[in-house]
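Labels run A, B and C following the written order; every chain starts at residue 1.
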Amino acid sequence: MTATDAPPLRRPLSDMPSALAALFVLTVRQHTHGRRLLVLGALYLLPCVLALVLRNLPKPAPAEALEFALIFSLLPHGLAPLTALLYAAGVVSDEVEDQTLTYLLVRSVPRWALYLTKLLATLCVTTALVAAAVAGLYAAIYAGTPGFWDEVLPRAGRAVAVTALAQVGYCALFGFLGLLTRRSLIAGVAYIVAVEGVLANLDFVGRALTVVYYVRTLTLRWLDLPPEQMRRCQEVWGMADLEKLPSSGVCVLTLLGFGVVVSALSALWFARTEFRVKTPGSD
Amino acid sequence: MTPIIEFDGVSKWYGNVIGLNKLTLHVPAGVTGLLGPNGAGKSTLLQLATGQLRPSQGTVRVLGQDVWDNPALNRLIGLCPEQDAFYEWMTGHDFVRTCARLSGLGRRDASEAADRAMDRVGMTEHMNRAIRGYSKGMRQRTKLAQALVHGPRVLFLDEPLTGTDPVARRDLIEAVRGLGAAGCSVLVSSHVLHEVQALTPRIVLLHRGRLVAEGHVREIRDLIDKHPHRIVLVCDKYRDLAARLAACPDVNGIKFLDRESGLLVETRQPDDFYARLPALALADGVALREVYSEDDNLEAVFKYLVNK
Amino acid sequence: MPIFDQGYQHWQGRLSGHGWRWLAVARHGVKAQLRSWFVRVLLLVAWLPAIALVTTLTMWGLLEQQAESVIAFLQRLLPPEVIAQPRDYRAAVWTIAYSYFFKAELVCSLFLVLIVGPNLVSRDLRFNALPLYFSRPLRRVDYFLGKLGVIGFYLAATVVVPAVGAYLLGLAFSLDLGVVRDTHHLLWAGVLYGLVITVCSGTLMLALSSLSRRSIYVGLAWAGLVFLTHMLSSALIGIRGDTERRAIMQDGIEKWVRDNPPPPSVEMRGSYPIYRYSPPRQDKKDPQQTPEEKAKERWLRDWSAENRELYTRAEAARLAQGPTDWRPVLSYAYNLDRLGDWLLDTDAAWVLLGRTVERPRQMVGPMARSQGVPVPGGPPNDRMLADRMVWQFPWYWSAGALAGVWLLSVFVLSRRVKSLDRLK
């Protein structure tokens, strides 16, 4: 058969969704096999164990203090962004390092779809991890207290939603960083420390550029916090006046919009970028 | 014959380094060998042909279609890459099935296609073991299987025999020949000349990013008129024969090979020489034990072309 | 004319001993890392704290020489006794300046280790280079020292060299050799501190690097270890502080509000009033407040005073726990910081400054209070600044924690970097 006899290149409709589903599953499997997930799981277990220990001391730590320190500070400032950095920055670079990207590029999946599918799978994995951590922490902190089922659990559910939105922003950003530079780890850690850590705590307009700002705003607006907890959060975060803060809708749209825009840019970048596989002695 | 792979004035550079330099090449259907030393541009050519790289200049077409940013075309193309890289935690079958699904096959179709592909490369017995436990030969076969699983019409094999033992090499060569016979067009790259010679007589020779020669080995050799043919004659009375040959005008040089008890004769008209040789030998009662040419192989062709 | 053999020739020279084998490994590692522009830029950036240190020491030197321009600038910032007798405070100020310098350099050095460290062993594992090393007459300890030498070079370049350079420049600007007598301990402390950071951080990074063939995981493990332990420690400190503050302030303010109920015009959220912005009075001809407004203002003032008093009590209780607080020991960075403060004796420097600040309060306090000016009460506390600025838990807790981490790192390295006969 010669080129002139070849049938026109038309792909059946079933091809693309099937291929994308396979890619999604492949990416989830890549993220969940091996030691990486075990190490992260152990890392997330640590605050839960800590909470249990501190609750059972002779002078037990108050639940709200534990909630503030572990769920509202440690998780969104440390564990969640580091998790996103670990997974999202390696969406493409891990494949390049392992030299398996070739197998994906020569398949009948458009490059932009390839990137977006991998990013979506990564987002699902990181969100599931962090959501499990939030749920576990709430259980460790509040289990057995009055109001656990009718107050705390709904709050936990809303906290999971807030965390998921944060992961959208982080995964999109670190995915883009992973494409942009080989030193995505340094850049990511510097971003987490300098921007999310320092800039987010300064009471000026620049903090609206951080993910943590919107996470905190949604925490104040959505989570229906007890008055003392609310006051503590507002005081520490410098968000005393709720009326000056953006509405819940604006926060959600900002985080989702940021995620969508950055992901689209990244997909476009990936589609235009060449990835040359170098092997010893190759051309 | 309409070419399957077309490179028209293609150049590719990486910063200041030129990978391919104004390459114009039309590869017809069938099995073609892509030859060249390290740094010749073979992998660059293959990566351009499979759409992984974009040409800096010129156009690359496969089956009449532009390759870059054409995922639909990838359905008809298969690549067995050079790098020894897999998802090591998968089994061989799992890996090939995943590749099939990434090519758009449904779940059941992909599983059946993976079974067939693994059978074709002789990996049925080992396909349910993790790839990290495979030998080098098994890994190469698995790589070939993933390239075949979706039934491509054009296959690109980048150094498929690297690191394999003689048995695996034989099996892979047989598999490639079988693919060519079944109607699949194959472009095989290698820097090991005798491997390509075992696969196909049709070659493309690259050197330092340029096309040096293209066609049948024999045709290329015949065209190299700068270098005379070198023919070895092994016999007892080789000095008497040499005296006779020295008088022939088409003989350019004679060298004595005392250890083999023979002569190395250089001539620019090998056909005439071969025609005259029996008569010369009979005239002096010389019993020729061996007559062979050192040039009728790829290595000689390559040496002449590259070192000229 | 002799004809020389062009083939392989056996080395006829003398081979050096084991003492310097590690240097070959270190030299190669340093050159490889220096090729990266990022590392070169970071080396330059790490000098910025040194510039700040030199500026501080220079200004102090000029102050000691009673330069008018410097006095005019500094007298707004420093107590008059310090301006008048700067030489008495020389050691303290130099120590505190160095303390801040080392705190800034600690951050730079942890970042630098993050950049140059992950590849050191992980790359050798990944590309199976260990047999190439150990098939030479190179022992594992030479390999380890060589790799540690790479980290040591960069840490020396960012911590020790700037510290020594700033010292010499500060000395030059002081024009007084008495500076050496008062501050020479800073030089040795700086070098020793650099050595501590190199050995602790370097060994830990090498151990992490030996655990994975992918340098990004090593880097993230390092970032996690430093960053997350810091956050965890801060979280625990916050929880403890919150618990105690709640016990004192929350209970105290609730009791006070119960005993002093707010007037109806005050909106409350629990025991805390809600402050709302009220526009200025439109009618300026009648500035008199209504009785309700006066009652509200009085109550809010009393509430604030009680809140401040409770806060001071809570703060004092928190600081009293300092010497027995184990929570900072969980943070890798805090441990290094504590050791640095111990080596520099920063605590004594702050005590001297604290005494200088507290003396006027002790003298002026009773007079100011009689005029209704709010001045913190209580006996003079020379440790007022020291307790707040320097960790108070024992330095040997940090030394023990770092030693434990170091031993664990050495153990991990010895298991992961196998000798040739045990390499697969």
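Just so it is clear, contacts are C-beta pairs under 8 Å (C-beta built on N, C-alpha and C of every residue); 3 or more make two chains touch, one makes a residue touch a chain.
Computed from a prediction, not measured in an experiment: that's the story for all the values here.
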One chain's C-alpha mean falls closest to the whole-protein C-alpha mean, and that chain is A
Sorted by contact pairs, first entry is A-B
Please work out the Cα centroid separation of chain B and chain C, and write it as a whole number of Å.
-> 63
Approximate Å spacing (C-alpha centroids) for the pair chain A, chain B | 48
Distance between the CA centroids of chain A and chain C (whole Å) is 30
Which residues of chain A touch chain C in their complex?
-> 36, 39, 43, 46-47, 50, 54, 59, 61-62, 65-66, 68-70, 73-74, 77-79, 82, 85-86, 89-90, 93-94, 97, 183-186, 189-190, 192-193, 227-228, 230-232
Can you name the residues of chain B that touch chain A in the complex?
-> 1-4, 14, 19, 29, 36, 38-44, 47, 50-54, 63-65, 69-79, 81-83, 85-87, 89, 98-99, 101-107, 110, 146, 153, 183
Touching residues (chain side chain A, partner chain B) in the complex = 1-4, 6, 9-12, 14-16, 18-19, 21-23, 26, 30, 33-34, 98-100, 102-111, 271, 274-277, 279, 281-283
Complex contacts: residues of chain C adjacent to chain A = 38, 111, 114-115, 214, 216-217, 219-221, 223-224, 227-228, 231-232, 234-236, 238-240, 242-243, 246, 250, 269-270, 272
